[in-house]
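Have a look at these structures, which come just after this line.
Both complexes shown next keep subunit A, but they swap its partner, so subunit B is in the first and subunit C is in the second.
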Partner chain A sequence: MPVAEKKKLDLNRREMPKQLPEIRRHNFNEVALGYSARAAVEEASRCIQCPKPKCVSNCPVEINIPGFIKAIAENDFARGIKIIKEKNCLPAICGRVCPQEEQCEETCLLQRKGGQIAIGRLERFLADWEAQQGEVELPQMEESSGKKVAVVGGGPAGLTVAGDLIQLGHQVTVFEALHKMGGVLIYGIPEFRLPKAIVSREVNYLKKLGVDIMTDYVVGKTRTVDSLMEEYDAVFVGSGAGLPWFMDIPGENLNGVYSANEYLTRLNLMKGFLFPEYHTPVKTHKRVAVIGGGNVAMDCARSAMRLGAESRIVYRRSRSELPARLEEIENAEEEGVIFEYLTLPLQYIGDENGWVKEMVCQRMQLGDPDASGRRRPVPIEGSETVFPVDAVVCAIGNSPNPLISATTPGLEVGKKGNIVADEETGKTSRERIWAAGDVVTGAATVILAMGAGRKAARSIHEYLTS
Partner chain B sequence: MALNSVNKILDFAIEQEEEAARFYTELAAQMASRQMKKVFESFAKEEGQHKAKLIAVKQGKKLLSAKEKITDLKIGDHLIPVKLQSDLTYQQALIVAMKAEKAAFKLYHDLAQSADDAGLKELFLSLAQEEARHKLRFEVEYDEQILIEN
Partner chain C sequence: MFKVIASRMIVPNVHLLTVEAPEVAREAKPGQFVILRAEEEGERIPLSISDWDREMGTVTTVFLNIGNTTHRLAALEAGQNIPTVVGPLGNATDVEKYGTVLCIGGCYGIGSIFPIARALKEMGNRIITIIEGRSSYLFYWEDRFKAISDKMFHITRDGTKGYRGHVSRLPEIIKDIGEPIDRILINGCTFLLKKGSDASRSLGITTWVSLNPIMIDGTGMCGVCRVSVGGTTRFACVHGPDFDGHEVDWEELLQRRKTYMREEVIPLRTSKCEEHSRKLTG
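Our next item is the complex of A and B:
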């Protein structure tokens, strides 16, 4: 019986409960609280099960979305999570941080009527449900191939490659530069958006599958890629985009001016907000300005607010151009982050001890559309404004750390330092070296890194078995 | 060389483009990485195209009108000048280019201010507009490649 013919469309997207803004702005606990089983079933039951679902083709890893939603609607959560895990080994993470509104949910047929299915929330529900059941069922493993693969970087791309190749029977070792696995999931995304226990759970799952993990191991310093190749049959590079950009304006060398990487790493990886439970205190500030308008900027501004600061986003364009997810912008607004739109820092002024004390900004206006149709910010003469600040966080973007490209002769890199790799296979200019994720694309999303990692894993497997 | 005729001014402008191409070619040779060599070589090539256009103007082709409105995004104006060394990044390369084009714009603009002859003033302003357009090309690249999240 075709569901679509019989059922009246239900456009009432079920809201997911969240901590109240006045409470959550004082803690680092997760903001969104997840669906109850009843809400998940209600939400899943709204899906009209399109015969040609566009949500699937708009998912970078092509999860059988209608399949797992149907399973939820039928109260068969075990079947639902199994369907997701056929394509996505990190559903608890993707359900939280994927930009679903630009991917699967954007092409949901109900989106046209304003009632798109909350696919990400349902994915998260199943992953959390599975975690609550205790031991996670291990998949069937292929027989050992006798081949060894080195995975450089324990972030989303590396985790995906390791998970896929170990199941295919290859011996996998992940080399992670930091003392904890997870890459940007651990050092970048704050606890209130992605609890670290979830990342640890996924890493433990890989360990149970048999993946060897070497932390505090900086490939390019501790050992080069070429040295790894003497021992391993293939090397995958998924070392991310960890080199922060600055604006190159006067005063960026003052104390109190941070890169977003440093600021977030101190909080997320080193747990600075839990001092003295953790031994690395983070300096608290009264007035923090965060430069930039992406998800990283929102994370920094919301973290600063949780540490008690007046927190201000300074962005050169207007609200409608903010590259951050709408959900994160709204969360930041609700929590009281101040947004200074069409504002550009020109320089930072320091006090007699070399600490930043003021930020000189210029107001902008959007110019006429250019040949590409974009309206670009143009300064308004004489509009200079001074803001008192005692910390500035620069969150304007990152590029890959040059360590691996500089120590691997013959590895082709692009003009922004990204490793050049085939989009479909992850193959680089060097034999037996593959790369994917942010190290290839520049800073992008978790799911794109996973999708590219999956393609690279497929290509590595073909190479190892041919 | 006194810049008191159309041909002399155009010869001067052509020399300026040659000088810019030389500057980028030398910078390309100094770069440690292959991709940054390519970046500066492409900048040098663009200067060669500017020179070719000026040669065509000498032969009758029209320059941009002095009244043409070219947007000045002023992205490079407040950035710290780059210290030239062998490990420049793409961001730094674009800053070098934006500042060089701005300097060229200012040169022609100042020459226009000091010119008495209306025709020559107009020519200097046209050359300034050409440089403003070159600068805008680098500003747009910087806006799209470096200021992605800002």
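Our next item is the complex of A and C:
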């Protein structure tokens, strides 16, 4: 009998199963299906456990990444999730929507040895594993401090601050303007990328920890920040970047031209894709053009495709400048989204009933790099092209919502309408008011908002206990 | 959840809904609106606030039963709950001392202009009220208006009360009023706002209107309520809802309001009455 060879470790990164493109382009179910336990253990076993892991310092919330990966490799999933939760209270969400390729996974030494460790997929695996175990274990809670904190906005920053401060023994109330908690996680990111049941699960976890939640409550309108300060010892503002930009070109107010926020809110928050069981109407269009190249643009284009339209991304630079995550670009390409690169809309033309019917665009070429370091798109004279469209979604960004800054005297506001706050502490120009997330930085990512929220929570705790 | 305190039809097809929403009532000012959902699966619609009671903690709206959500709101009974009443949203109407103010209300706008007229009266303005409708049987709150108006006029399409016709007769009515008007305010359907603004343009009287475009969140997030005012795009929810009627691009607004005309009635077709009849007929 031949002697069994020592099993050689397969160094290749484990693929995560996905719905096939030709199937998923017709449904709103989650695209990525997650690792099996076996695949997770195999993937985790690849980790070489660097003594000075760069992945940790590249994580905005500094999760002990080698620690939880080791736990998976040893089949101790309960320990793994505990390690993540020391630093991140929303792992099921971050495992799905964090741009790991520019953070933890970017510096992984295995990049040239079969691919970097799939840290995000492993994080997601642990969070989903925990949810399947039924009752989630509650963390150790500090004794009550008797202090009260108001958190304005139920998005990623607010959820983090609430989760951190309640565990430190403070009483926390979250005020959310919409009828559901989650902010962009609920109204913006589509079901096929982040199932809403996962967001609800995380929100329910906070409720179990004792966080009070007030939905349908617009701070700045229902009650001002100053009025909250009479009742609360500290106020945290995480109201997000919720004011959509338009290009200010002719025809933008025609019927059939949407902001990305409107398009996604109808579908996600209001569940318009289930119309008429859910009552918020969504039009079924034939040819949709989405303007922009970020993750939000990909979300819109892929949603339009799922509603049965021919879906087109219109972007003024080329593929290599797309700000969206590569994974989302590839998903969109596989699903059949058409990419019109180096193309800039000049105006929209309407039919006799005021509905958009055509889009006039100009072709561009790339010139010298601009302030962002990306090559600047330069118009090619005489290159005007007309596309027939019956809907346009403008996904070119958002600025911070002004409701809070406009109603809170003395709160310093930057040029772009952002609340000015210290990067390390989240402290604003007003005593007892902290701010973090998109309302401070302008539109960014979920994990950056959470990282900034964590720092603010730390600073609030210091203030409350000093 | 928000408890329904009163719900009734006050004139044919016009409904009054009073809900318990103490925090909204505490901050409500004339000219603001709330966003409501009738059920968990429901859409969000904006309705102007027609009255409030800070002590009782209630907010009242008046609306036309015209589409899916208003149909469901109209069917509510006192004691039931609805999932969303959020506000007060939008900016309050500027209540200052203008002199003589002409307040024009039609349809649901009769209700929503009432607290504005009342506040202007308290501010020391002379108040002239015009209420407008297809026929005299559609008028309501006349006693409330009489109590705060220095003069009151009516316009009916069928001539059953006051002037026959439409608000486009405004120049002639103002001549009959016989005194200088410093400001005109109009609340009601978009058609009334447009016709009223068109009619007052030649008179050179500042005219402010309360716009009612489609909205979702009502906090500036979705941008569906955008209107062109003086050539600039504005969001009615956060920049309005009041705008200078002579600056509004009315054609665009009327068009945008029609976006979901077809879809508006579809959820009604699948509503409970059909289920109910299926059950009855087995």
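Here is the rule we use: the second predicted complex is superposed on the first by the 445 of 466 C-alpha atoms of A that agree within 3 Å, B and C clash if a C-alpha of one lies under 4 Å from a C-alpha of the other, contacts with A are read in each partner's own complex, and residues count from 1 in each chain.
Here is the rule we go by: a contact is a pair of C-beta atoms (placed from the backbone, for glycine too) under 8 Å apart; a residue touches a chain by one contact, two chains touch by 3 or more.
In this text, all values refer to a predicted model and were calculated from it rather than measured experimentally.
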item	value
Which superposed partner A:113 touches (first subunit B, second subunit C, both, neither)	neither
Which superposed partner A:377 touches (first subunit B, second subunit C, both, neither)	first
Partner chain(s) touched by A:26 [first = subunit B, second = subunit C, both, neither]	neither
Which superposed partner A:346 touches (first subunit B, second subunit C, both, neither)	first
Touched partner set for A:415, first subunit B, second subunit C, both or neither	first
Partner chain(s) touched by A:244 [first = subunit B, second = subunit C, both, neither]	second
Partner chain in contact with A:222 - subunit B first, subunit C second, else both or neither	second
Subunit B and subunit C contact sites that coincide on subunit A, given as residue numbers	248
Subunit A contact footprint on subunit B (complex, rising order)	33-36, 38-39, 71-74, 78-80, 82, 89-92, 95, 140, 143, 145-150
Footprint of subunit A on subunit C - complex, ascending	23-24, 27, 37, 39, 41-44, 68-69, 83-89, 216-224, 226-228, 233, 238, 251-252, 255-256, 258-260, 263-264, 266-267, 269-270
Contact set on subunit A toward subunit B in their complex	245, 247-250, 291-294, 296-297, 315-316, 323, 346-347, 367-368, 370, 372, 376-379, 395-397, 399, 413-417
Residues on subunit A engaged by subunit C in the complex (per definition of touch)	177-179, 187, 216-218, 221-223, 242-244, 246, 248, 252-253, 255-256, 258-259, 261-262, 265-266, 270-271, 275-281, 283, 353-354, 401-403
